[in-house]
Each structure stands twice: as structure tokens, then as C-alpha cells.
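Sharing a structure below in C-alpha cells format, with a few things to ask.
Here the chain labels run A, B, C, D, E, F, G and H in written order, and each chain numbers its own residues starting at 1.
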Amino acid sequence: MDPRRLRDLLDGVRKGTTSVDDAVAELKDLPYADLGYATVDQHRALRQGAPEVVFGHGKTPEQIVGIAQELARTGHNVLVTRLDPDKARVVCAALPSLRYAELARTATLEQAPIPALGAHPVALVSAGTGDLPVAEECAETLRMLGVAVERVYDVGVAGIHRLLHKRDVFERTSVVIVVAGMEGALPSVVGGMVAGPVIAVPTSIGYGVSFGGLTAMAGMLSSCASGVVVCNIDNGFGAAYAAGRILRARERY
Amino acid sequence: MDPRRLRDLLDGVRKGTTSVDDAVAELKDLPYADLGYATVDQHRALRQGAPEVVFGHGKTPEQIVGIAQELARTGHNVLVTRLDPDKARVVCAALPSLRYAELARTATLEQAPIPALGAHPVALVSAGTGDLPVAEECAETLRMLGVAVERVYDVGVAGIHRLLHKRDVFERTSVVIVVAGMEGALPSVVGGMVAGPVIAVPTSIGYGVSFGGLTAMAGMLSSCASGVVVCNIDNGFGAAYAAGRILRARERY
Amino acid sequence: MDPRRLRDLLDGVRKGTTSVDDAVAELKDLPYADLGYATVDQHRALRQGAPEVVFGHGKTPEQIVGIAQELARTGHNVLVTRLDPDKARVVCAALPSLRYAELARTATLEQAPIPALGAHPVALVSAGTGDLPVAEECAETLRMLGVAVERVYDVGVAGIHRLLHKRDVFERTSVVIVVAGMEGALPSVVGGMVAGPVIAVPTSIGYGVSFGGLTAMAGMLSSCASGVVVCNIDNGFGAAYAAGRILRARERY
Amino acid sequence: MDPRRLRDLLDGVRKGTTSVDDAVAELKDLPYADLGYATVDQHRALRQGAPEVVFGHGKTPEQIVGIAQELARTGHNVLVTRLDPDKARVVCAALPSLRYAELARTATLEQAPIPALGAHPVALVSAGTGDLPVAEECAETLRMLGVAVERVYDVGVAGIHRLLHKRDVFERTSVVIVVAGMEGALPSVVGGMVAGPVIAVPTSIGYGVSFGGLTAMAGMLSSCASGVVVCNIDNGFGAAYAAGRILRARERY
Amino acid sequence: MDPRRLRDLLDGVRKGTTSVDDAVAELKDLPYADLGYATVDQHRALRQGAPEVVFGHGKTPEQIVGIAQELARTGHNVLVTRLDPDKARVVCAALPSLRYAELARTATLEQAPIPALGAHPVALVSAGTGDLPVAEECAETLRMLGVAVERVYDVGVAGIHRLLHKRDVFERTSVVIVVAGMEGALPSVVGGMVAGPVIAVPTSIGYGVSFGGLTAMAGMLSSCASGVVVCNIDNGFGAAYAAGRILRARERY
Amino acid sequence: MDPRRLRDLLDGVRKGTTSVDDAVAELKDLPYADLGYATVDQHRALRQGAPEVVFGHGKTPEQIVGIAQELARTGHNVLVTRLDPDKARVVCAALPSLRYAELARTATLEQAPIPALGAHPVALVSAGTGDLPVAEECAETLRMLGVAVERVYDVGVAGIHRLLHKRDVFERTSVVIVVAGMEGALPSVVGGMVAGPVIAVPTSIGYGVSFGGLTAMAGMLSSCASGVVVCNIDNGFGAAYAAGRILRARERY
Amino acid sequence: MDPRRLRDLLDGVRKGTTSVDDAVAELKDLPYADLGYATVDQHRALRQGAPEVVFGHGKTPEQIVGIAQELARTGHNVLVTRLDPDKARVVCAALPSLRYAELARTATLEQAPIPALGAHPVALVSAGTGDLPVAEECAETLRMLGVAVERVYDVGVAGIHRLLHKRDVFERTSVVIVVAGMEGALPSVVGGMVAGPVIAVPTSIGYGVSFGGLTAMAGMLSSCASGVVVCNIDNGFGAAYAAGRILRARERY
Amino acid sequence: MDPRRLRDLLDGVRKGTTSVDDAVAELKDLPYADLGYATVDQHRALRQGAPEVVFGHGKTPEQIVGIAQELARTGHNVLVTRLDPDKARVVCAALPSLRYAELARTATLEQAPIPALGAHPVALVSAGTGDLPVAEECAETLRMLGVAVERVYDVGVAGIHRLLHKRDVFERTSVVIVVAGMEGALPSVVGGMVAGPVIAVPTSIGYGVSFGGLTAMAGMLSSCASGVVVCNIDNGFGAAYAAGRILRARERY
């Protein structure tokens, strides 16, 4: 219900042109969604600068262009995820202001300034070179959320010294995101090294019984390190968003 | 390596009783683990009051009593999880200072004061009465971590108004833990209602294609709400621990 | 929000003791759930006689007795499902007015008259004797919903003539519920014989690659007969409830 | 057996040219299927206008053209499902009277008038834009069955207010079909909001542990809302057909 | 339809007391199932001596006694399968003429002479001692079908010479049934050694990735030996029955 | 060991030119495989006319041509299975005497006369048009084995009368092969109608929870009709070969 | 064939009492298995002292006693695995010379001296206390094979320093066996630390998505450390046996 | 920490220019990883000639060329695995010194001499022609590790004599690698024939319930032959590497 309409109704009651019974009847059916929607709008206004996200998979280039153009027109920042190179060519030709990151398979439009989120960077750890597309999707999302990133790449557990060498990074970051495929063991080791939040992202890297990332995911959920939390397979976007949730809540208090 | 031993070695070098070559040889093999272990000890001292956790499943009552007694003797608080009533009877008879929570299947010993962790409570949301044991394991763990809890129970999505009715709780809590079995839809709805961190715990409640919690877990990982993170099935302890990680990191900065 | 509280607020506006601005502020937060809850209550009053359902699995006998007693006290009919014989003994000793159906594993309390639902009976078809517990849970639920039942039992597809022999039943029933385990082929054959709604219930009867009912369920969902709909494994209650939904909607128009 | 042939036989008995013994022998082997077939034919005649359905997947364009031409020649309406754009081009070139719906991947030929089925429309609810092809396959099938449709699209549970906003639709529709992928939570929420039949269609939208629609399907079958029934993954056609079964049965009485 | 009833009808037509139209109407609805049922009965009479089979799993001892008594009363041989020792004690106490085979978990009543089926014995091969219960269920079923058996036990592929040593058995048997758990490799080796029918029965023997017999079953279905056919896990009865089908068909020609 | 070589050795012993000790030493290592190989050769000679089978999947056209040419040169009949049209073009261009059956995806070379196997045809039953490629692979294999075939196509269980109409076919055939996808219910119905051997072949026809044929396969293995045996998914060749085993054994006695 | 029998035959040929043709005939059928069996016997004699293994699972105490007694009588060492405490009581009462290891669930009889196998011990690494039963089954098997063991227990990857602290053990051992449940990450870390053979044993420790050891097993098979080999879940015996194979081969050269 | 830096520090202590306290502080933080890294480097120098391995799957040709060029420039031997023909063309055009093995899908650069590893060859056994790519990947890896190979190809268990014929190979080889798809039975038979190490490699050869190699893998892990160890599906490289681990350890002592 439009606030104006609500005010009109109450004015009617005050003036006596609307009876209390009629107002009760109308207000009883007051559509919650409208109020809720308004709340959402205001909320969105508050976090001005945050990107609007377009999940590119399963959409045609035309659909993506249409949505992105509308968002661009209204001054929003835009993050398109899961945009493969073929589609990207079409989309970026139509919207030259979009910046395409091939490894991350994301396209971004940054027209409003992005306020910094979090006082410290997020550590972004990955196991092997095959995990980079997922890690970079995560990095691009963090960037669009205003979160600084410190990358710790190629530190798989089969060469454990590489990870130990990087322990100082964990001292200066607030959240650790760990991206790993195959057996997905890295978050367990990291989870034992840091006291702060650890978000694990399994990747579909591997073959045979890697089961397209299921083994890594189940391993992360079964982690012997307490309190490691997990996202869907290849969901670098989701891990970044979860880190944003943690940092945003922190800022609120 | 014991710091004293390190000092003795260096004293020998200084005095000339140990040659530089011998010291190099010994220090080259300097076991990292010892230093690491010391770090861990100091770290543990810093978070004094945090519980030592004993995973009760698969241990005999005698083993649990032995571990708990040793921890109790050294002044630690103790949290035993997954302790079924039969074992609990034996364990609590031997250690009467343990407090057993039947629904949560936890036993706790609280002899050191627990410093409060987090400026705001954690919201603990559950879908149905069958999810209570997992929710309560989570609540007991939060209590032992020093985290305040606000319970929002029995708000399954088939009666969505019950959840909407409780929206104010989400305004005053820092982290939301959502415990649900069956189709595991609750975290998606909650994730759309709050901007802060949402930790989802699937439970094994359900039958047939609930697959002992797998359906709920896969649903939570597939959630259409961005940035929801997930724990293993029935892992109320892990969700609490993850919330503790978030709040602890927040305190550090 | 209590209707009285709403009326008081509006009276205040009318009298001028409450300003329009204050009323807008309060009504903006008008909890939907309260209105919704009221709606639910009225709705429940409309379908007076319908049973309150208690899912017995995973509840202690004491919990079941507590819930059932409260429902009984307030004049409701009660249906307890998934109540195994051991629990039933305890529950029925405490609540002698409950009637226990051992095969169906249900307990019912029928104190308010149950209005008939549907002008024609529902056909309840089952494949083998092992499917009877699920079929009877379905039958008891239908009875408590006020739906008449015509049973067609033991008509598995390996003796197809037994089913063909019963074709006349399908002429005089409005909905067909088909309960089958093992390969779950029966709904396909029935779906080809009748033009009305066919609800299939897979059962966990079988061994090996019956996978506890998964094979039957997947077979029913893959049925070559168009428009057969499926419930969870062993969910006789759900199938009856779905039939009730169909018949209730029919009555509304 | 052709009714004429049956009449001839009986005429022979009456006239004495066929002995009772010979007639018994022949009638004993009276092929049921023939009578059954005749029944089917008469039945089909009764529901004149209903489409003949061609499942396009796995058929060559030539086969589809052949079948559709034969059906078209005999005056039937035709519905081809699962017809991808490449095949559609070939098929529609050969049969220009076919109307292809690209999103729904259906082709239809409507030459006989389609009598309306059901006094009220069916509500067709979908969670996200990725679910539209399945929803539209459902809509096209309903159209060819003579059922009116009211679409409620893009009301996923992560923005629950969008669904609540549309509650009035459920007041004026007879059956609700809910199409959703990912975690498949929408039918649970809808099932709690309406008292009439709810048919859930899982879609293969999602990635990772969405398992190509299995997670949505298992979630729908595990729904905490009682009496929700489920179709195979992406089976929009089947859901429409099930709704048709419900409405057809209603008309019969 | 009872043949007598059919004859009366035709007599009426012949005499003119029943019109041709009335007879057509009645015969059109002639229930196939009745004729079918009669066929079945005669068929059963032809294979007099074959056992009536009672699947004991999931039936109470009382139900088994009831069915067996009725069968015994009417002179049939009886085979009860999947009868565990506890139930067997109750059943055999009530029906002392039943003979219980503990290893095979079968009970048999042999009151009618069993005609021999097949001119040659069936070879019954098993891999390990753990497979014996399934093999013996198979042997008992063959015995009740009148089929002679030659046992070749404990010839697992890890000691391939044991199997090769027994090649002569395959020369003098008509069908080979191979019972094996774990990796289920035995039927592949046997299938390469014999030219006649090979029926493979996977057993649930094994642990871990034996998956309760699934690995053996999938291995048998994937056999590199052409034309090996497979039964459900632990289904010794089914394999015997399949052998009976082969031998019975052979006898017919 | 070549029989000639064996004879020479024994001649040496007889003549005294080879000592008994030397002969023992050599014979002790007598390679079984050689004798076995000879047996195989003789055996193969006995079943002159049977095809050599080339599994085309995963082989290059060049490899297939090479193998087939060698077989053709030595006078054998050849059956190539799983040969897709693209490869077939290359293979048949190089070997014009090969006959390619597109639906069956087989290529055959028939240069030696094929002796008839079995006194009666095999019934080849299939559920839907999508199952035809598998059924035809089966038919081509039977043809090359010398087995006559009687096809009963398109008799899925959703139109059960179509199958019942064909019951006479089962009277005049020795073995029934049933090919079905989706829910795989057809073999259960057929198994209840015939007393002879029933070989079920699941196909990968279907979508969603058809799981590429697994549901049909598990349904067939779980069949409520006793003694139905099963082949791997889409393995029409294997079913034909199994029928050949049955008929060959029958001929031997 | 008994070597004496072979010599007699050849003597007959030499003396002329057996014709060459008769000898050819008999030798052609010379059962390979007999020679093979003899080889096996001699081989077994060579590795005198190695235990005979009895897989206790699925055997009755009486069967185990019977087998063990026969082995004991003939002077063999005996290793019974998977012997639960209840059975062990019965077995050890009947065979007091058996030594039962409760944690390992093994019973051993050591009456012949066990020759040492391998010049260096095997390192036996385990992740958590729950893995001890499997590790100890492995240790007992190694002991009975004559292999020395160095235990490195409780070094899970969540506290990586504990493992690094033990690196010297890997310097002095020939083979490393790694036993771990939950996410099964330990073999990857160990595999990166040592150059020699690493045998991984997944255990069923864990819950939820640990899937009874499948997650650990799949993780080990997907290990990012090259050349790690894997045994079945909980198969401590098999890992020890594999180590024995490696050491035995080493000794041979 | 660089050894020189360590020596300078200790020299400072000896000379008194660095206090003991300062040295303790610095050494306490001595990065383990550096020492570990140095160890790795020296270790790598020791096994000069061993190839650097590049896992080609998921890398672009450009990336592979870049890595290989850097390795080539520094004098290493290079092994690229999982390099499909299309990529190989690009890579080999840029690096003409690379030798591509099409069947094995490997490219190798051999510029440093490869010292022989192991006194005896490794036996490389495969079941069918479809397994050759995996077997050849294994062979190429062994070659680059300096291990001699003896191939025993096409000895599947359905023609067991072919394998028995090759028993002498096992007498002269140190390790047996067995590559098999479909039911994966070959390692069980081989494991029963040899006393030394047996490494099993499942391949993805097969269809239907071969499940892309899972059935072979689970069969190998469930093997009734004790002590058979298993690699991931199609992991010929890993099996070779595991053999290298065994031979390398042997050389060390």
C-alpha cells in the first residue's frame, strides 16, 4: 500500500468521511508486500553503490543486454556473472562500457562510486591453477562490493610449506575464502590456522571420483576443522557475497 | 622447540661453547611444530574460558570421562557433544559436576567464567519441532562460547506468516543460524529478509527422499538467496562455532 | 494485530487523540502475521471437524500425549501418524479415547462430527500385501478428512488381469490413489485406464535395487502415463491430503 | 473385435448357423484389446478437440512431420513438446500451419475448436526467469487442453513479499501449478497458503548440488506443506495434464 | 465371466429369449480378467507340483502361517523365502510339516510329488562362503521346481585355478547360475568359459564401496562376457525361477 | 601347446630320446592357455557362421575397418555394433560389402551362411518408439546369430490393451526380450503373462529421474514378476546374445 | 594333476604300456588347476609363518572356531579380522590360545615364528582417535606379516603442526600407511612430504556428508598428491597386506 | 630462511653484535616454509632427470607452452598429460622439441638423461583395446620416470586363458599395474596370481551401469584379492607415479 494512500485513508477517518468500520476492513487486507517492497526500496537506497547482479547462465545475450541497459540507465553498478566469452562478445559490443574479465567470466559496469566495505581485506586462497576462474569470480564480486582482496594462490596441500609460508596474510585479513577442487582439503588446514571466519568454495576441478566438485564439497562439509562453512560448487560469487554479509553486519554495530 | 632450549643453544653460541656450524645444523631442523604448538598454547590462554570440545560419538563413556577429568583438573571449561542418554548416565555419574542437556545431547562443565563474545545475540531459527535437538546443540555451544542467543523456533515455510511475524528479531541480532530439515527452504526465505550473515544447518529430519538430510543440505547450498553458507547435516555445533569465528574476528578489529 | 487493537487505534484517530502521523507509523509496521494468523483461525473454523495432525515419528510418547490432550481439550479431532506399536501403548494408556489402527500405525480421536468431503469415494489401489501399511495410513487419513474410500488391494502388474477385473471401480470414484513398491509400475497402468486424477505413492517395499522405495518413486515420476503425480516414499498421509485438496477445491466452486 | 463382427456371430447363433459351442469357443478368446480399443476410440471422440501429443525429443524432424501430418489430416489438434528450434525450423517449413512457441519449445496445430475445461483458471507460479521454458510448456499444454491460465512469474522465496503480494490470485484459481528450480522451496510456501490442489514441477535450473533438478524435486517431495504432489523434472507438460485430469473429473460429476 | 454364464447367454440368443442387441451389450463388457483368471487356473493345474511361493519378509509369522495353512489344505507344495530364524520358530511350531533350511532361510512343504524339470542339472557356482545363504535359497527353490543342482562353491576369482578345475561341471549342466558379492567378477569369467545361459546373482557380501551388493550388480551388468543376465541383489530365488523359465520353455518344444 | 608339439614330445619319450624327467619338466609348465585357445578355435569352427562382433564405440573408423577387413578376409561374418552414422559412412566407404542399419546403428557382413538357431522365433517387445534403436540392435544381433524374430513394438503399459492384444505371439515364441525405458514396467507385465524366459533391456529413454535408464533398470531388477533377468542399459546386443545362449544350450541336448 | 601321476603316465609311454594317442588324450585335458594348486602349496610353504586370514564378519562363532581350529591343528598362524567383542568371547572361550585385540577387533594365534619382512618399519599415520580401530587392525596385520610398525597417531590436518613435527619418522620408514575419515585430507599432505609409497585407508568416521567413508575415499582418490593409492573404506587389513606385497617384492630382488 | 642469513645471525650472536634476546625473537619466527622449500629444491636436484609434470586438462595451449618453455629453458625434462590432439597441434607447433604420443595424449621433452629406476620392469596389464589410452599414459609416465615396462594387453577376464598364458611375465617384473574398465575384474584375478604389489587403474570404458568407471573402481576397491590398491578413474599417470614411489623407496635402502 502506497504510504500516500494510507495517509488519505487515515485523513478520511480523522475527518469522519471514512467510518472506522470501513477503515478496519480495508486495513485488515493491507497488503504486506507493498510495505515490504517499500522497505526493500529504502534499504536498497541505503546501500547505494552495491551492484545489481545478473546471473548470465541460461540467459540470451539479448536478455542480458536488456537488463544491463535498464540498470545502467538508472545509474546502478552492474555485475554480470557466468558470462562465457561468446556471449560476452555480443553483450560488450552492445554495451561498450561493460568491462569483461575473461578468467572470472564476469562483466562489470562501475558508474557509481563503490564505498569501501570492511576495514581489512579478505584473504582469497586457492589450491591450484584450475581453481582460478572461481577465485577470480569471487575477487570481482568482492571488488564490486567494495571489499579489498589479498590473493594467496596455488597453495595446495600437497605442498603444505607454500601455505605455511603465507601465514602472515591471515593475520591482516578479516575473512578467509578458500577455493579448492579435487579432494578439497585446503579449508581444513586453513581452518586450523586461523580463528576468524573461513568460507570454503569447492570447485569442479578434477576428474573421475572428484564427481564434478561433489567430493571437494562433501570434504569441506565434513572438515575436521570446526566452524568452516561451505558454498555451492564453483560459487565464487556466493562466497564473496557471504563475506559481504559478514562485513556489512560488522559495520552496522 | 622449548624456548628455554633455544635460549641455551644461543647462550652456547655466545659463549663459544657451541660452534656456529653446530648451531646452524640444529636450528635448520628446528621443528616448526614446537613453535607452532607454543603459539597455540598462548592463543588458547588468550581466549581463556572457551570450552575444550569432546566429540562424544564413537567414544566409550570411559574415554569421555578420562578426557573430561583431565580437562576439568586443569581448569578448563568442557563441552561434550553427541552424548546419548545412556552414555550420559555413566559419564555424569563419574563426573557429577557435568551438566547434561538431554535435548541437545551435550554435557558441559563451566568452572571458568565465560567472557561474552559479541555485542548482540545470535538469532537461532528452526523450522520444526524435530529440528530442536540440532538447534539446542547449537544453543549450548553458543552459550559455552559466550554468545547470547535469541530463539525463533517452529517457523517452517509452510506457515510463512509465523516467520514474518518475527522479523524484528533479525533487526537486533548480528548473525542468523537457520536449522531446518525436510526440504530445507527456510534459509532461502531468511536469507532474503536479512542483510547480515546467514548460516544454514540441514537436519536429518524427514523420510524417503529427504535422504537423511541430504535434500535439505543440497537445497540450502542451491539457495536462491545469495551468500547463504552451509554446515554439515545435524552439525549444530559447527554452526555455533562458525558464528563464534565471525564474532571473534569482529572483536579483533 | 488484534482487531480490537486496530479498532482502538482507528477510534483514536477519529477522536483526534492519535495523530495521523502516529497511526501511519504504527500501521506501517502492522504485523502481517497477526492478520494472517486470524485468517488461518477463521479458515480453520470453517473446516470444522477436519483433524489436527500430529506427525508421531521423532516425538516421545510424552510429547504426543501432551499435544493430543491439548487438542482434545479444545474439541478438535486428532490424527496421529507414524505411531509405532510401542509408543502407541503408552499414548493410548494415557489417552484411552484414542483409537489405534495397528496396520496403519495411526491413532485417531473423533469427537467432532466429520462432514463428508466429495460426492464420490476415492479409489485406493495397492500392489501387494507389503504395501498395506501405507495404504491404510492413507485410508485412515481419508476417513478423518471425511472422504469415502473404495479399496482395490493386491492388484500388482505381474497379474494384470486382477486389475482389469476392477475397472468398474474407477468408473464410480473421483480420484485414484495408487500405492506400490518394488518397480512401482502400477500407476502407469492405472493412469492409462482412467481419465481423472491419479496420485501415486511409492512404498519402501522391496530389497536390493528397490533402494528403499526410490526405484518405485523414480518409476512413477518417469511414468509413460501422462499427468500422474507423485508423493514422497511411504507417504500415504500426503496422498490422502492431496486428494482432500482436490475434493475441497471442487466443493468450493 | 469389431462390433459388426460380434453382431454377425450372434446373428449366426440366433439363426442356428453357428452352434453355441463354436460361439463359446470364439468368444472365450474375444480379444479384450479390441473392445478396449473401441472404448478408447469412443472416449477420444467424446473429448473431441483435445490435442494429440507428440513427444518431440528423440524423434527426427521427418518422423515428427509424418506423425503430425497424419493427425492434421484426420482433423485432430496437435501438440508437439520438446521441440528444439533447429528441428522446429524443419518441421514448421513442412507444416506451415503449426505455430511454434520458442520459449515453450512447443508447436501446436489448432484446427478443431477447444472446449473450455474448468470454470476457473489454473494459477501458474514460477520462481525465476530460468524456469520460464518449463512454465511456458505447461501454459501451452493447458491452452491446448482448454484450461485458462493466470501467470504469477518470478516470485522466488528469497523475496517472499513478491509472492504474498499475489495472494489474491490463489483466491480465484482452482489448481495451482508451481514451477521452481534450485532449492525448490516455492511449493512449500504456496502449499501453506492455499487449500486447493498444488502441483509442483521441479526444473533443472541451478548448478552444482542442484543436481540438474534433483534437489528441487526431492525438496518438493519432502515438502513440509501437506498434500503437495510432484511431477518429473522439467515436466511442465505433465503438470498441465495432471491439472487437466483434476478439472475433467470435476466436470464429470 | 463364468463359462456357464456365457453358455446360458448364448443359449438365450439361440432360443430367442435374449435379443442380439442385449447379448452384444453384455458381451462387450465381458470382463477379460475372468477369462484370464480361468486361463491362469488351468495353467496352474498343468504345472501341478510347482510350489506356491510366500515371500516371508515383511509378513508376520501369523500371516505366513495363515497363508501356508490355506495352501497346505488345498494340497499345494509351499516355498517360504526370506524367513529368518526367529519367525521360522513360530511358523514351524504352528506348521510342523514345514522343513526349515536355516542357511537358505527357506521353509518348504512338499506334499505333492515334484516332477523333474530339465534333463540336466543346473550348475550353481558361488564365490565365497558369505554367498552361501543366497546360493542355498537358490538351491532350495530349484529343488522345489524339480530342477537338479550341481554345486560349485567357493571358487572366487582371486584363486582362479579353483574355478578352472571345475570346468567339467559346465559340460554336463544346462544353465549356470553364478552367485557372487564384493566385485562380482565371477560371472564374467564363467561367461567366457561356457556357451549356454549364465544367470548372475549379486550378493550384499562386502563392505564400504561394495555398497551392499550394488558394485557386484553393476559389475555383472557391465560384464565383458556377452549375454550374461542379472537378477536383483541377494535374489537367489529369482535366479532359480529364471532357470526354471528356461527349462520349462525347453520342455514345451 | 600345439597338439603336434605334444605328440612330438611324447614320441621322444616313447623312443627314449627325451627322458621322463625332461618331459615332466616341460609338461608341468604346459600352458593351459594354448589348449584352451585350441578349444576355443575348435569351438568357433563348430559354430561356423556366427558373427565376429566388433564393439564400435570408442574405436576410430580406421580401427574398425582394419579389424573388419581381417575378419572378412578370413571368411567370417561380421557384426559391428554402436556404429554412429558419421563413422559408418567412413567404414562403409572402405568396406562396401558392409550393410549398415541406421536405426540399429549396426553394420553387418554376411558372407558365410548363418545356420538357424532355435526352432521358434524370439519375441522382441518394445514399449515406445524411442526404444526402437535398442530393439533393432537386438534384432540385428539375433539375425546374425540365426535366430528368427517376431516384433511386438509400441505396447507400453499406459495402453495395456495393446499388449494384451498380442498375447498370441507369446504362445509361438521361445524367449521374450522386452525393451523399455522410462519406468521400465513392461517386463513385469510380460513376466506375468508368459511362463518362458523373459530378458529385460532397460533403455536410456526418458529424462529427469529416468536417470538415463537407471530407473528402468532398477525397476526391472525389482520386478514383482519372478524370474525376469536383466541386461545393461541400452544393451540390445547383450539381450540377443543371452537369447542365443538359451537357444544354443537347448540345441545341445 | 599329481606330479607322481604325471610321472607314471610318462613311464607308461616310455615302456610302451601307454600309447602316445592315449597319453595325448589324457594330457590334453591335464587340469591346469592341479598344477596351479601344487604351485600355490609350494609357494605357501616358502612363506611359512605368514598367517592364514579368516574374515570374521558374516561368520558364526562356531564357523570361526571350526576354521581356526583346523588351521591351528596344522601348525599355521591365524589372523581373524572383523571379530566383534560378542563373537570374540565365544571364539576365545573355545580357543584360549587366541589373543583378542579389542580395539583392532582381531584375534591372532601365533604358534610358528614370524620371519621379519622388510628392513625398515612401516609408518602408520592416523588422523583422529575415531580412526584407531582401523589403524590397529592394520597394525595387527602388519605384526602377523612380520612387518615392524611405527605409529604416528592423532595428526589430523586441522592441526597441521602435529604432522610436521613427525617428519623424521618418514625418513626412517619404507612405506607410509595413512588412515583418515571425515574429509580424508591427510594422505594428500603426507603424499607431498614423502617420496616413497603412500597407501591411504579411508575410514567411516564422520556423519552426514561423510557418507560412511565415501567422502574420505573419494578425496583420497582425487588427491592432488601424485601416486597416492587407496584401499576400501575401513580396510586396515588390506593396507597392511598391500605394504606386505611391496616389502615382499623388495625382498625378492 | 636463507642458510646464509641464518649463519650471519649466528655470527652476530657469537661476536656479540646481536643479543641473544634478539636472536631468539627472530628465530622464533623462523619461517619453516623457507627451510622446507630449500629441502625441496635440494631433493629435486637429487632426482635430476625426473620430469616436471604439467596436467594439460583445463589449461589453454598458451599456458602449456609458457610453462613448458620455462621448464625447457632450465634444462628439465617435461611430461604434459591429458593433452588432446587439438591442443597438441598448437603446443607442438610452438615447441617442436616436444614429442606427442596421440594414444597416450601425452607430450614429452627429454633433454636430460633419465636414470633407470628399478632393477626390473613393471608389468602393465590391460583388459581391452578401449583401455589403451589410459595404459599408454601410464607407459609414457613410467618411461619418463626411468622405469622399464612390459606390456600385457587385451587379456580381459572373459577369456581367462589369455591372462594365464602370460604368467611368466609376472615372474620377471617387480610391480604389476592393471588397467581395466567395465566390471574391473582383472586386478582381482591378477592379485590372486602374484605376490608383489598390484596397482589397479579403473577406466571409464563401458556404458550404462559402468557409470563412467565407477563400477570398475568400486569393484577394484572391493576386490576379493587382498592388498590390491587403487587409483582414480583413468589415472594412468598416478599408477605410474605410485610404481615410481615403490621403486624409489626400494632404491633408497
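Here is the rule we go by: a contact is a pair of C-beta atoms (placed from the backbone, for glycine too) under 8 Å apart; a residue touches a chain by one contact, two chains touch by 3 or more.
Predicted model only: the values in this text are computed from it and were never measured.
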Both-way neighbours, i.e. chains that touch chain H and touch chain C: A, B, E, F
Geometric centre distance via CA averages, chain F-chain E, whole Å: 25
Centre-to-centre distance between chain G and chain E (centres being mean Cα positions), rounded to whole Å: 39
Shared interface positions of chain D, touching two or more other chains: 32, 159, 164, 208-210, 214, 217, 221-222, 226, 232
Pairs of chains, among all present, that meet the touch criterion: A-B, A-C, A-D, A-G, A-H, B-C, B-D, B-G, B-H, C-D, C-E, C-F, D-E, D-F, E-F, E-G, E-H, F-G, F-H, G-H
In the complex, chain G residues that touch chain E: 31-34, 36-37, 40, 55, 57-59, 63, 202, 204, 212-214, 217, 232-235
Touching residues on chain G, where the partner in the complex is chain H: 32, 43, 47, 53, 119-120, 164, 174-175, 195-199, 217, 221-222, 226-232, 237-246, 248-250, 252-253
Contacting residues of chain C [partner chain A, same complex]: 3, 6-7, 10-11, 13-14, 16, 20, 23-24, 27-28, 30, 32, 35
Chain B residues within the chain D interface of the complex: 127-128, 156-160, 164, 182-185, 188-189, 191-193, 206, 208-211, 214-226
Residues of chain H that touch chain F when the two form their complex: 129-130, 159, 161-162, 164-165, 205, 207-210
